[in-house]
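Shown next, in structure tokens, is the structure this report addresses.
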Amino acid sequence: MSGIAIAFWVLATIAVVSSLLVILGRNPVASVLFLVVSFFCLAGLFVTLHAHFLAAIQVLVYAGAIMVLFLFVLMLLNLGTPQWFDFAGTPTKVVALVLGVGFVGALVGAGVGDFTPSARGPAAGIPPDVLGSTEAIGTALYSSFFLPFLATALILLVAMVGAVVLARRER
Amino acid sequence: MTGYLTAILFFPILGIVLLAGIPGSNRTAIRQATLAVSILHFLIALPLWWAYRPGGAEYQLVDRVPWIEVLGVEYHLGVDGVSVLLALLTVLLTPLAVLASWRYIDRHVKEFHILLLLLTTGMLGVFFALDLFVFYVFWELMLVPMYFIIGVWGGEQRIYAAVKFFLYTFIGGLLMLVGILALYFYHEQATGVYTTSLADLLALDVPGSLQLALFVAFALAFAIKVPMFPFHTWLPDAHVQAPVAGSVILAGVLLKMGTYGFYRFAMPLFPDAAVAALPWIAGLAVVGIIYGAMVALVQPNLKKLVAYSSVSHLGFVMLGLFALNATGVQGSVIQMINHGISTGALFFICGMLYERRHTYEIEEFGGLASVMPWFAVVFMVVTLSSIGLPGLNGFVGEFLILVGMFQTHPWMTGIATIGVILAAYYMLRMFQRVMFGGVDREENRGLPDLSGRELAVLVPLVALIVWIGVYPAPFLHRTEPSVERFVERVVGPASVASTQAVPIEAEPAEGAP
Amino acid sequence: MSPEIQQLIEAYGAVRPALFPVLPAAILTVFGIVALLADLFELGHTRGAAEDVAGPEIMAPYLAMIGTVLALGAVVWQWLELADAGGSYFNGMIALDGFGVFLSGVVLVATLLTLLLTVGYCRRNDMQLAEYYHLILMTAVGMLIMVQATSLVTIFVGLELMSVGVYVLTGFRRTRLRSVEGALKYFVLGAFSTGFFLYGVALVYGSTGTMDLAGIRDVVSLPPAGPVLLAGVGLLIVGFGFKVALVPFHMWSPDVYQGAPAPVTGFMATGVKAAGFAAFVRVFMSTFDGLADQWVPTLWVLAVLTMFVGNLAAIRQDDIKRMLAYSSIAHAGYLLVAMVAHSDLGTTALLYYLAAYTLMTVGAFGVVIALGEKGTEKTSIERDYAGIAWRHPLLAAAMALFMFSLTGIPPTAGFFGKFSILSAAVSAGHAPLAVLLVVASVISAYYYLKVVVAMYMWTSDRPPIRARVGAMATIALLIAVVGVLALGIFPGEWVELARAAVL
Amino acid sequence: MAAWIWLVPALPLAGVLINGLLGRRAGKGLVAIVGPGTVGAAFAVTVALYLELLGRDPGSRVLTQTLYTWLEAGDFTARAAFLVDPLSVTLMLVVTGVGFLIHVYSIGYMHNEDARGFARYFTYLNLFTFAMLLLVMADNFLLLFVGWEGVGLCSYLLIGFWFKDKANASAGKKAFIVNRVGDFGFLLGIFLIFDTFGSVAFADVLPAAESVLALGGPLAFWICLFLFVGAVGKSAQIPLYVWLPDAMAGPTPVSALIHAATMVTAGIYMVARAHALYEMAPAVLAVVAGIGAATALYAATIGLVQTDIKKVLAYSTISQLGYMFLAVGVAAFTAGIFHLVTHAFFKALLFLGAGSVIHSLHGEQDMTRMGGLKRWMPVTYWTMLAATLAIAGIPPFAGFFSKDEILWKVWDAGHPLLWAIGLATAGLTALYMFRLFFLTFHGEFRGTPEQQSHLHESPPSMTIPLVALGVLSVIGGWIGIPPAIGHVLGDVPNALESWLGPVFEGAHAGEPHHAVPPAEYALMAASVAVAVIGILAARHLWLTRPGLPERIALRFQPIYALLRNKYFVDELYDAVIVRPYDALSRFAWRVVDDGLIDGLLVGGTARVVKWQSAISSRAESGYVSTYVIVFFGGAVAILVYYLFG
Amino acid sequence: MSEIGVGHYLTLSAILFAIGAVGVLTRKNAIIVFMAIEIMLNAANLAFVTFATSIGDLAGMVMVLIVIAVAAAEAAVGLAIIVAMFRHRETVNVGSFSTMRG
């Protein structure tokens, strides 16, 4: 059993568990922390896939920025404590469970599990370690993905403006 | 491209523009203007009577210009004998309707008259269209103003009636639209040409199964409009609720659109299907005749009674169309006109009673003959014409229809003829309850007789009633070639001259010495 | 010609190959940002001109309008240049083709009309903020990207740009609970659906090895389609289905439409829908052409569901915005029928219908906006619309026209739109679907008529609305009315346009 | 002369227009001139036509005039054209002649009416004359039908002339509708005729009958039966006679003209006119004869117990019409027409006389409150006497000849039973007519003294026509002196026979019959005897032994009640036809229309839509969780469909 | 099987996605709902990376980057909305925002 395999199983397990804890936990703060954990695991999985740069970004942006934002809001609104209303009624839960299992079941059952990609894409065949490198991604961003990259910038701008508009106090 | 029909068709729009210029507060001015416009319109359209030459081409005065080239849709107008008569009926009724609304309509006068004129254009468009797309456009267009007229100026239940009217016609129309499209694409498959021109589609011969489906789609739309027996329930509501002008136009012209649709589109386009469906439709028509007469008998409400009588009368018209011989079809064409005149007049009369007593309940009247003698005379004539008394217009139509139908379906005709008795029953009973007996209600004592305005409305109609009854030749003459073409198209050239006097070979004498 | 302009032109010439295909988007971006900055530095601020104006008179709206008009000009220019400039740009991220340009036009018209209608509204409801106009322009940019996008990446980015903008716009009247509630619901479901969309993209990407539509098309064209690809297709339907509000992914729209400020609702109902359908059609009609046998039946079912649920639910509505929300669901169903037809005729019909639908819906919302009073919207058919026909005859007439057009009564754009969709369906052998559409639209007639009935045939005892329609709103309504009639009476030319825009 | 035929109907029509449009303003004077004047003029023209025909040789006594083609559609054609031959001219003479007298009479009778009513009355009366002339002058079945309906309309208008009283109006309505039932048959007949012959013109149909129709064939049978249904309606035969007694609600002159002399005989005229067809359908002829005989007897029995003077006359009319049908039923068309003419004379007279009585009693019609009027109104008395004798069939009065010829022809045709019925009817006729006569003019006056004080003879305008008709009732029969008597008087020819003979060429009754004189004399004697017995019985019962009738009535209470209530036929029809029909109509309206179609189908659809609408909008719970669940559900569904579907 | 293939990663991502979705369905606290959504997006990211490496194509990688950015943006907007709604109702329970329905 290769190191990658071990790493995968460990990370996968932790990721699943912590994700479950996120949606099952009573205390929002705890959920945030578990979410961070699962993000770390994902970063780890990225590494196992040779996507080092993305792993780094994952940690920086998610664990660093986004989660802080979540915590900040939680504190701001003083929602740190568990709340009674937090869970939907049992029937909903059942339905949700069924659907969730159904979703996974459908994909896996249909053979997503033993899927082997047919590399027919135009840019196919780039060796993994090159693929994950900052350089490669950077080049791509500024060459072939220039337009989406720009647009992403606009998205951030809009989000910023929007956040300002929405969260601002009354005049 | 003479442009004459186009001129007739869109003249009312000019009128609308004119009306738009008059401030809504100045009601008299609006009424006068509308009257002037509609009379002028009538005068402009009147030459149709001579302009159309029965001997000549099938469709005359054709206006034809490309409209939506992509789809092969053309702005294509033209008239044959039948549409000429119906168009003239339309433009005749409009000014009368304006006159009749003079006092009846007192709210939103301007809007009312604008809609009335718009309605005229819509109806004329239906009668002039020689392109299925154009036809459909006007068919639906006419719906809108009528909807408003009923809904805004109608009686208590006006909204229910208006919406009912709209939905009934709308669903029929849309199904017909699907039918039109199917036909359109079938034509494209068959010939590679996209067109909605009636002439081209007539040239097509459609396979039986498809014919039947399409015929049903068309027939449903028209049957609702006629209205034929099971689809008639919108009519009483619409009639009772609509203001007098609305009822008159509705009965006088709109209902004819259904029968006209059968005559112009449904039957010629799908002859085999029409022949196949004959027993059903003719059967429904007969049921309608008897049923309408029965229900009319027990109506406490004047307008409702007339409405149901329309169901009965239109049953005759349908029967005549499906006689599928020149005699019957001629009869039903003339009967379309007759019904327009007689029932129109009846609704005018209802309106006049309403203006005096603000009710349509037969119970509320009685003995009016002694209070309003001239009114009684006119009412009597109209009633008799609607009963189908020989010498008046009603008889001409009904007789030809029955005689024609008898040659093909004696039994149905036999049953339908009972309608003649029943008609006398319900109409005379109504007339007696309204006009005869003593004046037992105070409020009826002082009722004024016909005013000049009202005479102006009724006299032309009465004149027509007598004219068509005594000397229908001019009318029959105008429709003859068109009708013969129609029959030929539906049943094939063989049986145009349906039953020439073929002496029946003497059958074996029974019990003869 | 002055040297500066000369230089400008030369400068443009240098960047043209890169800029031309995205010129409209670029213009909007620039003007959007300028509007923001101008406000930041209080350029052109004048103290309230009209008495009911809260806050300063700002120049953002005018900048936005100018920008949109210029962008429209650019679109026209693109249309004219299509012959030689048409093609794929930015490494296949976007394309400059008739389809895209046509829909860019539609989107921009929607934007322009929204801007025209919105000014008075913002003044009345102290929303007169530069951010608002900025967001509208940015949203429009997102839409433009979507309609031109030829790569799942671009589609996703455009989609998100648009969505984020609309989330904010929905909640823009944050002092009103409903506005925020709408924003919340929209956001939660929107993000949720983004997840599905994204996952679908991933699956498609994985099974085809590329995110360029062209590339995908090539792969898909050779069967068999593996389960992953199919799953991806399915999830993409879900994603798009959410954006264009197909049943059962429609449930957000009534609440959001009702909650959002009226102009935003109008913008959503038209622009978002147009953009969504643009990407939807592009991906399915051309890219997944090879999989038609798989997705056509699905869309058939969705179309029927959407038409009927939308129309049926609309019957019970009293809030006109909510009613229009359901009606827009139903119309998505009609558009889906055009997709099911899966033919050039179908696409033509769809494009024509989008144009027609945009005009009449924006028009309808325009009237709704115009009838609003200071600080409030008047949206109850029962209470607010009863008998207004005799107080605001022109507004009522316009509304009636739009309602009849939505019903599909000739000679309006709506009628011809329905006509062409029906013809597409019938010619594709989907007569039953056509009949279902007919039945559905009869149902729809009922509630569209209800508005007319209310305006013309009801009388209300409540103090009448006194609407003051500003010059700009008037212009917008005029455009809508003329447009609806022009498209209806002379559809030929427009159909030609749409036909030229078919993929 | 033929060019002037159109004048005959045109003149009364002119009267209609003048009286109708100007009458109210012009006042009674003008109306009183125009009304009768036009008819008189028409009579003059008719006489001229008669002479014209007379001048010709029997073979070519036909004048025709075509005004224009009325209906032409497909292969159906009907012209507005007149046919004047001996048959129609005879009727025209009766219509215009008797009509004129009655018009004159009406001037006096209606003088109480205000100007408007007066004008209206004469307008209607002229209109009737016009329609009746159209009926008898038509050269085709359709035009005949026009007149047929026209007279029906006028009778409707005139019966309901005093419409302020609902009863009168309903009587008119009843008349019209019952007639319509007959017309329904008539129409079918016309359809069938056109279907068979391809034309409705007498000139095309009648000559072709023999070649086209098979003797006794179904086609002939149905055509004739349908036409006869029309005749039954118009001529008030069983089972459609019910309208005629009610029709007495109209002014008495109207009863005289329309419901005695002319309109009601249209049926006989029509059958006679279509004799060529009937001869091809012996079965129908039998039916005609049967119904005729039955009606004759039946009506007579009812007439026996009526106390309303006009009702008695009404039933006697029905009875006499039955007689005429009996005649044509045995193909004795001439005899039928003969009786038609004589009946026109004496029955009109009877009515006018009754009118004069009623007039002087200010509307009193109940014979039990009359009596002894002989003293006050001699002219009326003597003329009535002549008429009563005529109808009773006492020689040499008009009725004797016609009635006797009918009986003889019936016997001769080999129908002893029908003959017996005829004979019995004759007896009854004599009985009830003299009952009427005695109750009215003899004995003591039984009315109120107040009435008695006003008793007076009618004005000349009324009495002159009475006298004229009286004369006709006496001598009218001499135009048809049977050979049996003829050769006794020195070969006096049967003028009518030779006059009408050619028209009925081919009719078995047509050719002069070499009878066995003894039998004929015997029959003659029998009928006279029966008549005399009847008269004597009447005298015994109502003059010498006034109490007797009551006792008989009490003795045979049930029968008396039955007769008194006219065999309850009206009630029967009401219960079997009218009420069920009304009920059915109500059912159709309430249940089928409102309930089934509108309620169940239309309303049901609406309800279903509303219900579905509720469902699809309730799903919109407002909770994000619901939305998400539905969303996710949909997504999973699609996935499952794609991966496993 | 010991060798870790694409399938494992995909299955994992599917599971994570489902967990996220279930979270959205079952939680009412808006903030946790958002977190659940973040999980879904991450699942998608995982799929992208997996595919990208297995195909050897950069697009997937870039996509992940973009998604992360978008996720950040959405989080910002979403949380702003939460703040706004909290100002109205002093709660972040999505269930308590249902004034519009039907």
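Order as written gives the chain letters A, B, C, D and E; numbering starts at 1 within each chain.
Everything that follows uses one rule, which is that a contact is a pair of C-beta atoms (placed from the backbone, for glycine too) under 8 Å apart; a residue touches a chain by one contact, two chains touch by 3 or more.
The structure displayed is predicted, hence computed values, not measured ones.
Colleague: Provide the labels of all chains in contact with subunit D and in contact with subunit E.
Modeller: Looking at subunit E and subunit D together, the chains touching each of them are A, C.
Colleague: Which chain's centre, taken as the mean of its Cα atoms, is farthest from the centre of subunit C?
Modeller: With centres defined by C-alpha atoms, farthest from subunit C sits D.
Colleague: Of all the other chains, whose mean CA position lies farthest from subunit A?
Modeller: D
Colleague: Work out per-chain C-alpha centres and flag the one nearest the whole-protein C-alpha centre.
Modeller: Central chain is B.
Colleague: Approximately how many whole Å separate the CA-defined centres of subunit A and subunit E?
Modeller: The mean C-alpha positions of subunit A and subunit E differ by 6 Å.
Colleague: Could you state the distance in Å from the CA-based centre of subunit C to that of subunit D?
Modeller: Measuring from centre to centre gives 80 Å for this pair.
Colleague: How many angstrom lie between the centres of subunit B and subunit C, each centre taken as the mean Cα position?
Modeller: Chain centroid spacing, subunit B to subunit C, equals 44 Å.
Colleague: Any idea how many Å lie between the Cα centroids of subunit B and subunit D?
Modeller: Here the centre of subunit D sits 37 Å away from the centre of subunit B.
Colleague: Send over the residues of subunit B in touch with two or more other chains.
Modeller: none
Colleague: Give me the residues of subunit D that touch two or more other chains.
Modeller: Correct list: 617, 620, 622, 624-625, 628-629, 632-633, 635, 639, 643.
Colleague: Using the touch rule from the top of the page, what residues of subunit E touch 2 or more other chains?
Modeller: Residues 6, 10, 17, 20-21, 24-25, 28, 34, 50-51, 54-55, 57, 59, 62, 66, 70, 73-74, 77, 80-82, 84, 94-95, 97-102 of subunit E each touch two or more of the other chains.
Colleague: According to the definition already given, which pairs of chains are in contact?
Modeller: A-C, A-D, A-E, B-C, B-D, C-D, C-E, D-E
Colleague: If we count contacts the way the header does, which residues on subunit E are in touch with subunit A in the complex?
Modeller: Subunit E residues touching subunit A: 2-12, 14-23, 25-29, 31-32, 34-36, 38-39, 42, 45-46, 49-59, 61-62, 64-66, 68-77, 79-84, 86, 91-93, 95-96.
Colleague: Taking the complex as given, what residues does subunit B use to touch subunit C?
Modeller: Its residues touching subunit C are 67-71, 108, 111, 136-137, 140-141, 143-144, 147-148, 151-152, 158-159, 162-163, 166-167, 170-171, 174-175, 177-178, 181-182, 184-185.
Colleague: Which stretch or stretches of subunit C touch subunit A in the complex?
Modeller: Going through subunit C, the ones touching subunit A are 22, 29, 33, 36, 55, 90-91, 93-94, 126, 129, 131-132, 134-135, 138-139, 141-142, 145, 151, 153-154, 156-158, 160-161, 164-165, 167-168, 171-172, 174-175, 183, 203, 206-210, 212, 215, 219, 226-228, 230-231.
Colleague: For the complex, give me every residue of subunit D touching subunit C.
Modeller: Counting only subunit D, the residues touching subunit C are 609-610, 612-617, 619-620, 622, 624, 626-628, 630-631, 633-635, 638-639, 641-643.
Colleague: Can you list the residues on subunit B that touch subunit D in the complex?
Modeller: Touch list, subunit B to subunit D: 164, 230, 233, 291, 294-295, 297-299, 325-331, 334, 367, 369-370, 373, 384, 389-391, 395-396, 399-400, 402-404, 406-407, 410, 413-414, 417-418, 420-421, 424-425, 428-429, 432, 435-438, 470-473, 476-477, 480, 483, 497-504, 506-512.
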